[in-house]
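One chain, chain A, appears in both complexes that follow, with chain B as partner in the first and chain C in the second.
So, the complex of A and B:
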């Protein structure tokens, strides 16, 4: 029996009118005056209206901050200082982040400052539980907002205490995402879900991962069937996108819960999209088959079940399942290339990388020690070389 | 911080009036049904003497309070839950949720499944109270509307559908 530990301290509420429960849940946490931090897109789309409406008869006072500007340099520190002063002066006792990763990261940083004191932002770790924080996603671009990670002023904070106490995903708060964004989110969720499901020996995490894969596969298939850029029937298109968005927000929120896991797809995805501009999800799915081939795990075959469904899983003999699962992922990348008219790359070479640059990335990752524990350094360079040309591993 | 907006809580007068009327009517119908319908009477019989329960919306109501007095009679005790000790508090997490329930957009089991209902008190008594409310809704509402409010419309005798319903409606209006 393997040893494992798993913690997800976030309550997830999803669905129509889920927002109406928020005042009750805050009251249950002993809070009565929350402060709302929103990003620019939420402010422009008027997303505070449903929130205000949900709090109308709650007896609670809401403090709504002006939208966060897209900032560089010392600006985030100045904003946090100003928010900190207001929070303390007006007696707020909880935080609500509305929007994407920027709003969530700012709320997490402010929560560190108001709970542990502003000097805690200069230190590395978060060593004590923080005040209640609620995250309200408005689309599929949630990133690590639901996880125990926060980026602030060039600093990265990692702690289980940083995860929001509650995530409320109410469709009335969703801002329409375009197909490119939906596709990127689906691929990111799929890649991270597949890596956790195929390679992790943590049963609760694998259960989350199976759900993520199933939630991502359905809209991904529908999106590919309907085409990446259909020009006709705008009304039908918007209706379809709305349905896919709901599934993908759920998948993205759950993927965030797994962001505390060290995942090779994410490390490589971030590195590969830092210099050359293409979608992170695409990069992650492109390297995923090579990662699954490189790292020996008895569970790669079981990946076929959430990926292809029970019918296909039962048709394929057990020894062939790992290859079938990897082949499904490769076919997905190839099909996306075809659908996009060659715009989406199939290999890292098509994305603009060459073997020398990838070798440098591999060595950089090995030297920096940012690879997940248990990763064989030699395997990284080999898998990047294979992903560059699109050459599968030869199995014995 | 410049530009922070403080939103003070407000009131929804129309929704509150509608819900107050509905809860008043339901409360008096529970009182009437306990005297006319044997099933409802038996449910109350199993409850301890002086047992009181209320149904409403978090945090400021409106509420309806129904209780059993020392003589075993069921009485509608008004809309103020602070007036007497309440052994079982059943509530919807917001007035919007209660409004959905009483406009029959959602049935009680659906609201429960969607995590909108909270209970503070004994769970068996809460289940009994929900069963009583289901029966009362069937008495009060016409069949197409009652079908939306309960999980399964019951197959009752003609006497129960016509005679008992008429008596309950008269008693609800007159308060006897």
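So, the complex of A and C:
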């Protein structure tokens, strides 16, 4: 470790009755008239009801926008214009995004417009603090909602100032996620957490990553033990999924905090699932062992601690820990293949890729400059080739 | 992993760490549109040459509008008022605070007045009074221990009224904390040991308190692992730049952990001994830390056992049966203190009776233990301690810590 920097501007409030604290938190930010942006699924699930109830005796005025439409096209610009006019006319002073990434991205874009003026949406970069914005997740699909990044109308905005001031994750707002969604979230969090923990020399980021890995591993194991597609005991199944969802929402929220880290798992996960349809989390975890093998880092062995717990970590001799950690991840992918009756691929080849296409992806990434700093270009092609057939690196 | 039904976690400070972290200050201020910072510090920091180090690192790219180095050891409302006037007169637009708790608290007080255009600090006391971000503020800690650079509280004395003003708000947090090992390279071994144990107490106490959560725990474990590996190294070799950076980073992370998960009886007793007998805070933390774990053992045995891997490492963990790990954590901290005592030539005290003034008199006379217990009883940090404490409990712990003997576990009231 020679230098690092770390910033997470967001306050996390998690758990039972977290929503009840929100009016006090907004008051502490000097705000009394928040406007709520919700996506369609929240509207359909009636998730504004608990929100309204939490503000009932607060003395605050809560403005609730109509749900966002699911389609894109020229809709986002029109919607933002309409929301901007409402916000300014009615004198709102904060934003609450309720739902997934779409609600958060819309709130972030609107916040740029109401704080810096609508013309700021045509410019690059956000260099000044914005008005307070709070994000309320309703499930595990939060993507980069909690980070300093927003996609809006074909543009990508990146700034620490875009991160929500607060994330309030209250289970009373959670809409049930199916097993496939829970599995994908667990794998995404696990992959990104492992890459940060094993390869970054950034202690605060490693702390978040350790928490993410542990929060993801437990529900992932339970989910696999219980079966990926159980057909019996619906009541018990729903109960289990609710418990796993709570852990995974926390993991997903924290993973979003690390979204400013340039991670190879994410770059490759996006690329590998763009043309061939399989889950991003699955793709990330599939390439992760090859990434960990290809990059020299003394901390890969320490991954064994959050992945397998203190007993396993301590019983394995230090020189064997990197291989043990990588093997756990590899076994996980193989086990998922078995549990899914062969549906979930173990290798990129089984996912539909071939070496020539992967080589083209590798070269494309190298040329585009979208690889994280410090990535050795030759290593990318080599690791994709190995991940194609599922061949581990031969360690010297 | 322990996940409470409800928790909060927040640290909005940009942690900038490294061997050249000071050189990042001009860019950090420019990003906040600041051009004329006030540099705030105390005479001790100036005399140690640390202000010169900061200035030489930033002067090529930054014009410091004012250097003020007369912050007293106990931050004072009059000093805050005077320096706020200087800030305004000299057209400053940011504060760079170089020092420990008092300098940082004074900086927070000044920042309140100049940002809110206020004249009277009293109007801003208490929690949640501030409603908007304050002016740019960069903290440069000069000891690897207090964690003040990441805490949202400030205590400023009003000596005329014989009271302390308390301030609490996320807006008091610095915009950035500069963690640069050049700031601690010259710390003598006994201060390195005491401040390092201050950080260790923050990390350890935060993991056993009632407000702990997965994120505070992860920060604390990372911190205590770094301290246990690097503190002996930097005492043996004060010029070990890598070790100093690891210790400074660990102290900041421990600060983040305890400011979110709180601390308990170790701090209640530490504050009390500091107040009654003027013993340095880090020394009190080192002495009371094993007693805090011992007293709470029956309540949080598993949490104390979980510490052992991070303190002693995997080989010791494997060699210790599961049901002995909590006691092993306590024993490890006692032994760590004894090792530090030896490494500092006996200047790092392991019990209260060994503490001496410069003249060789006892710093904590035995007859003061009653006052210490009574003062600890009124300390706010006891609120989140796992086990309750009354006057007799505090006295029992203080007596054992005075002698340097383990607690008589049969005397701990379990309820």
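By definition in this document, the second predicted complex is superposed on the first by the 395 of 396 C-alpha atoms of A that agree within 3 Å, B and C clash if a C-alpha of one lies under 4 Å from a C-alpha of the other, contacts with A are read in each partner's own complex, and residues count from 1 in each chain.
Just so we're on the same page, a contact is a pair of C-beta atoms (placed from the backbone, for glycine too) under 8 Å apart; a residue touches a chain by one contact, two chains touch by 3 or more.
Because the structure is a prediction, the values reported are computed rather than measured.
With chain A as the common reference, chain B sits beside chain C without any clash.
Judged by the touch definition given at the top, the superposed model places A:27 against both chain B and chain C.
Of the two partner chains placed by the overlay, neither chain B nor chain C lies in contact with A:363. When the two structures are aligned on the shared chain, A:86 is found in touch with chain B, with no touch to chain C. Using the contact criterion defined above for the overlaid structures, shared-chain residue A:15 touches chain B and also reaches chain C.
With chain A used for the fit, chain A forms the apex of an angle whose arms reach the C-alpha centres of chain B and chain C; rounded to a multiple of 10, it measures 50°.
When both complexes are overlaid on chain A, the residue A:52 reaches chain B alone and has no touch with chain C.
Put chain B and chain C next to each other and count what each touches on chain A; the higher total goes to C. Legend: residue contacts after superposition of the two complexes on their common chain; A:320 is shown touching neither chain B nor chain C.
Closest approach of chain B to chain C, taken over C-alpha atoms in the A-based superposition, is 5 Å. Residue overlap on chain A between the chain B contacts of one complex and the chain C contacts of the other covers 13, 15, 17, 27. Of all residues in chain A, those touching chain C in their complex are 1-18, 27-30, 127-129, 203-204, 206-208, 210-211, 214-215, 218, 247, 250, 254, 305, 310, 313-315, 318. Interface of chain C with chain A (complex): residues 1, 3-21, 24, 31, 33, 128, 131-133, 169-170, 213-215, 217-219, 221-223, 226, 242, 245-246, 249-250, 253, 256, 306, 309, 314-315, 317-318. Chain B meets chain A in the complex at residues 1-12, 57-60, 93-97, 100, 114-116, 118. Against chain B, the residues of chain A that register as touching in their complex are 13, 15, 17, 20-21, 23-25, 27, 52, 54-66, 82-83, 85-86, 90.
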